[in-house]
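I am attaching a structure below and will ask some questions about it afterwards.
When the chains are written out, they are named A, B, C, D and E in that same order, and each has its own residue count from 1.
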Amino acid sequence: MYLALMVALPFLGAIAPLLVRHHSRRTISYAAGAVAVVSLLLLGYLTPSVLAGEVPQFLATWLPQLGLHVAFRLDGLSLLFAALILGIGLLIIIYAHFYLSQHDDAGRFYACLLLFMGSMLGIVTADNLILLWFFWELTSISSFLLIGFWFHQSNARRGARMALAITGAGGLALLAGILLIGNIAGSYQLDAVFAAADAIRAHSLYVPALLLVLIGAFTKSAQFPFQFWLPHAMAAPTPVSAYLHSATMVKAGIFLLARLFPVLGGTFEWFTIVTLVGLATMLFGAYFALLKNDLKGLLAFSTISHLGLITMLLGLGTHGALLAALFHILNHATFKAGLFMIAGIIDHETGSRDLRKLGGLRKAMPMTMWLAMITSAAMAGVPLLNGFLSKEMFFTEAYQQHLFGGLSWFIPVLVTLGAMLSVAYSIRFVYDVFFDKAHELPKQPHEPPIMMRVPVLILAALCITVGIAPMIMVSGFLTPALTSVAGADAEVYIALWHGFNLPLLMSVLALLGGIIIYLQRTELFNFNRQFDIRDAKDVFAGIVSRVTRFCDNLMQRIETGSLQRYMAALFILVLVFVIPELMNISALTGSRPQLDVDAISLSGAIILMAAAFGAVIFHRQRLTSLLMLSVVGLMVSLVFIQFSAPDLAMTQLVVEVVSILLMILALFFMPQRIPRSSTGGRVARDILIAGFVGGVVGSITFALLTRPFSSISDYFLANSVPGGGGTNVVNVILVDFRGFDTLGEITVLAIAAAGIHKLLNNLRPFMPSGDVDGRAWHQVKHPMMLQTISQLVLPLALMVSMYIFLRGHNLPGGGFIAGLVTAAAMILQYMANGVDWVKERFNYNYQSLAAIGVLIASLTGVGSWLFGANFLTSWFTYLDWPIVGKFEIATAILFDLGVYLTVIGATLMILANFGQMTTRHRPRQEGH
Amino acid sequence: MSKFLPAPRLSLFLLGFWLLIQNNITPGLIVVGSILAIAIPLFTSRGSDFHVRVARPWKAVEYCFVVLLDIVKSNFSIAAIILSPRRSIYPAWVEYPLAIEGELPITILASTISLTPGTISIEFSHDGRTLLIHSLNVKDAEAMIATIQHRYENRLKVIFQC
Amino acid sequence: MLTTVLQFAFFMFSVALLLNLLRFFRGPDLLDRILALDTIYINSLALLILLGMWHHTSFYFEAALLIAMLGFIGTVAAAKFLLRGDIIE
Amino acid sequence: METLYAITVGTLTACSVYLILRARSFPIVIGLTMLSYAVNLFLFSSGRLVIDQVPIIGAGEPYTDPLPQALVLTAIVIGFAMTAYSIILAVRVRGEFGSDEVNEPNYQAEQEDKR
Amino acid sequence: MLDTLPFWLELTICFFIVLGACFALIGSIGLLRLPDFMTRLHAPTKNTTMGVGGVILGSLIYFGATTGFNIHELLIAIFLFLTAPISAHLLAKAGMHRQLKLTENTRDLRKKPEQFSDEQS
């Protein structure tokens, strides 16, 4: 439980800095710091049990179907890393408080940092591979945010993007690998996976899985050849670099290797790949670290090289190698974080990070100098410092391995070479900055605020103490960690002094060689200048731009901007998918007995089809095809009547009429003459498509109709009266059983109306001054007879609509139809008497009407909560009043009222707004 | 014409209409109906430019029956025209001078004309005092006008007192 | 007897509808089409009433009522479009 | 009867599809509306064709399946909203570009260039 | 259900229905046969309306006889008789406006045609 809390805390805590972001910088930092401290305390609370050898676990099922659980474990390895993440994280937070300038958004910074911290904790404590991957990607994202923190700098953006691209891609590979492993093991829970280790290694898919996982790990921890994103990530604020690239982010890959070592490790493939990649990375990093002039660049490459070192150790995979790896993880984190902070300090105080500009700072900042010397000495592997010990062990392993048979000797040699280089750049880091001759600097350098040095001080102290008394300091930590990697309780022994032996000789060689290389570095630089190594960034950029260009071309070809083409493609696709299915049906005709045709149905069908064809034939004469459409609509409603659906018939009728009105309105703004645009070929094509689609749909319908079916409706039929208090089952379904649909539906209507309202805003439509034959419009706007009758009809229409509304619950009718009837009556007023007339008499705000409608409906739904019922459960009872007699009252009627109002509001909003355009704007004549 | 009952006759009419549409008479319906019959005019009264003043209700009823009768007659005559093969018809434009005033009476008259023997009212003259009629088959325009006058217009005069 | 008569009526109205359809297609003027449309509306209204009698239910009454009310509006709109172009002004 | 119904739905769909494939906005709107009619009929058919069994309790057993009716009713409404929206879009486009071409204005030009 | 009525009642119902049906058909025939728009206008406005009226009357009696008190079909008739002339009127107006071609034997008995012309003056 505490475990889960520990992981969850940073995520929750990430909000804290944002909440107080408008307070002082101090508050924000405290908020962030507090979060880290609490998590650290939680960790501390858990530590003893872990050291005692037990593994606290937490399990909550999330998606059991996918074998995905929220499962955490805190074994030795996790503890080691968690301690690093939280400890150094805390130091970073303190450091960042002084590092960030006033106009940096500290709230955002700390939020991202905590987010990242949480994700890292998640990775190291995840007990489920998929969960692990989940956090893995989270780190990619949060690190993206952190690296791109100064998003106003283009290089920051580019660096962030590159980091995200590489690590993200790696993450995908990792996911694939994890899925493979999970499939083999039959579970994603770590214990199960560990248990299935041998099976996995024996499995035929082992190699692919291994490769995929390794890609994931290598991209994350910047191993060759994926190392190039790391230097560019240096565009991040230094605290971020210090955190991400010393202790956490890049260590995630290492952690993964360590975590999966029991499962994947120990095989020949593992050894070859991991070791060699590690070796290559180490040399590569060391070499370029020496060449870099940028302080942080130097550190970045040295990080790469150290990661390579650790990777290599993991690759070797012997007991000692693993110990060395874990130990070095610890050490590297400490001194590298320190170094980054120092780089930050220097940058902060001098305004420059360029080794060629810097120099002679020893007077200005002696304290910092000492810290720098200690930490970089640790990096170089000077005796009595932690770096020395791990490097010593590393040498031992490198020289003890015999994995390349007769050629095994080249490993120690190269290793020593790498060590020399790292010594060289360590010296360079210290000497070029602090000794050397002073130069002109942007700022007058002086010691940073004390609290900025304290974190470094702590780290440096750790370097020394660990270096002097490793067993006391870290063995406690390392034992369980080693156990969880190497299995079977491994004993840890780290000695200061092994006596005079080859490793010691190698160290000495490394130190001396390093010094020589440093002294001769100018030659090296010149030598290096001869061939210009293309910056990886350009390669990356090139790839990216090529991809984008490819996509552009593709879009060009697909997105022609021709709706016709899209539509055609769409329909053809439908056919492609549906036709095979239809072919699978053995017989189109089902077993259901069929009705026989009668005269009306026949003539109705004939009329319907004829009208449909008419609409097609006359589609160039708009009004005609519109009339055809309205015949179709009428006939459809007759069909509904014929097949016992009066509600549908009525709805269809009103909707049909209203939409016809709408279209006639729109017709006025359409160009009057339509050139014959489509070529014969296109027409033929379209006819073909249309024919096929029609045929397919028709046959599906037939197949459907002729098959017997069972429906869930018996429930509705049975419960309509007892449950919904209405005899019109359709209406009861709408307002009660599936009331939520209806609520959504009227909301859609309201939204559509609102959207239309906006669409019509400040639209200046074209308006023809006369009809197609150039005849001027008739003078009389509002024919007298029409006016009179419309005014007579209005009350009657309202009465009818009320009638339909009130009976809806028990008989065909209901709010929707009633609403449209009312709307239609109002539209009649508009048509007969004009906008202004209606405005001055019935001045209602249709928007609010619709809104009120939706509100009422929703409130009715919510109301049922008050009675402890579910949302939109309708309540009804029968009253018996003296004169009135027995009658029913139901909340459903309220809901229906909501529908009624919404429909009126929305419809009038659409039509009236539309109609007003002509009165609102001065006509804009055709052609001008 | 009180504030709450702007048009009592209309309300009464609506109540009747309500019962008619309900196709049933129960106390409950009457209550609901009267509520609506009072409520709806409150809403619509502003929306009618004219006041329906039926001075002689019984005359109105009589008028309805006369019209119905004529409708039936006219139907037969037109049926004859339609069904008779190859009988040439004599359509004509005829002007009809309006004697009555007020939108409603005129509208009613025009409607009646449209519904009854072979005539359809088409246009009002600009001054609105003459009605243009299209007659499907007319020998003697004057006679037709006379019929319309004494059969309908005079009755409407009596009914609406205009 | 009533049964046969109803069937007869159905037949008549079906024919009537088909005739209207013919005019509807023939035109020649838009107005003819509109007129035909109006007639189709009214005839189908009658059909509904007959259907009601045939099935001996009054459930089709409201639909018929709506046709009577709304068919009119449609026709008016179309006519006004031909007269003024803009039907709501 | 089923056959007739199926044929009708098929025809309706075919016509609407053809209309939707036109190059002008107005026929497309008409096509969309017609298509929604067709779709409604299709959905409705999932309740099968039943004559004179109105799903109103008390109208006399048996009752036809009310559920498709309820769904189709909703569908009709949504269809109405969609029609309204598309028609207004068409008007808007006409107002903005002065034409009711549904293909991007430059599309024709591109075609010319290709030839 | 359909055959439980007394004979004379059934007879009247049938009479009205047949009458209505016939008139509706005649109306439609007229719509098809008559020479020009104006004359065509007459057929539906009168006969079809009347035809529907007949049917309505029939069903009125029928339901009255079978299910007791029943008059609400009247409403439909009312609406029809209210609206049919109006639509006819508007259509005719439009016809005038569009100056549709009429049969040659249409006589213009107007004394002052100009006051009906809707040209801008």
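Observations, loosely collected:
Convention: contacts are C-beta pairs under 8 Å (C-beta built on N, C-alpha and C of every residue); 3 or more make two chains touch, one makes a residue touch a chain.
Quantities reported herein were computed from a predicted structural model and do not represent experimental measurements.
Among the other chains, B has the CA centre that is most remote from the centre of chain D. No other pair of chains has as many C-beta pairs in contact as A-D.
Of all chains, A has its CA centroid at the greatest distance from the CA centroid of chain C.
Distance between chain A and chain B, defined via averaged C-alpha coordinates, is recorded as 70 Å.
Put simply, the C-alpha centre of chain B and that of chain D have 40 angstrom between them.
Each chain gets one centre point, the mean of its Cα atoms, and the points for chain A and chain C are 57 Å apart.
Shared interface positions of chain C, i.e. residues touching 2 or more other chains, are given as 13, 15, 17, 34, 58-59, 65, 69, 76, 80, 82-83.
Among the residues of chain A, those in touch with two or more other chains are 602, 642, 646, 667, 778, 780, 785-786, 789, 792-793, 796, 800, 811-812, 914. Counting partner chains per residue, chain D shows two or more touched chains at residues 51-52, 54, 56.
The touching residues of chain D, when paired with chain C in their complex, are 51-52, 54, 56, 59.
Residues 1-3, 5-6, 8-9, 12-13, 15-17, 19-20, 22-23, 29, 31-32, 34-36, 38-39, 42-43, 45-46, 49-50, 52-53, 56, 58, 61, 64-65, 68-69, 72, 75-76, 79-80, 82-83 of chain C are the ones that touch chain E when the two sit in their complex. Contacts from chain E toward chain B in the complex involve residues 23, 26, 29-30, 33-36, 38-39, 41-43, 45-47, 49-50, 53, 69-72, 74-75, 81-82, 84-86, 88-89, 92-93, 95-96, 102-103, 105-112, 115-116. Chain contact summary for the complex, chain A toward chain D: residues 560-564, 567-568, 571, 592, 594-597, 601-602, 605, 608-609, 612-613, 615-616, 619, 622, 625-626, 629, 632-633, 636, 639-640, 642-648, 651-652, 655, 658-659, 662-663, 666-667, 669-671, 674, 677-678, 686-687, 689-691, 693-695, 697-702, 704-706, 709, 711-713, 716-717, 720-721, 727-730, 733-734, 738, 741-742, 745-746, 748-749, 752-753, 755-756, 759-760, 763-766, 810-812, 816, 906, 910, 914.
Residues 784-785, 787-789, 791-792, 794-796, 798-800, 802-803, 806, 829, 838, 841-842, 883-887 of chain A touch chain B in their complex.
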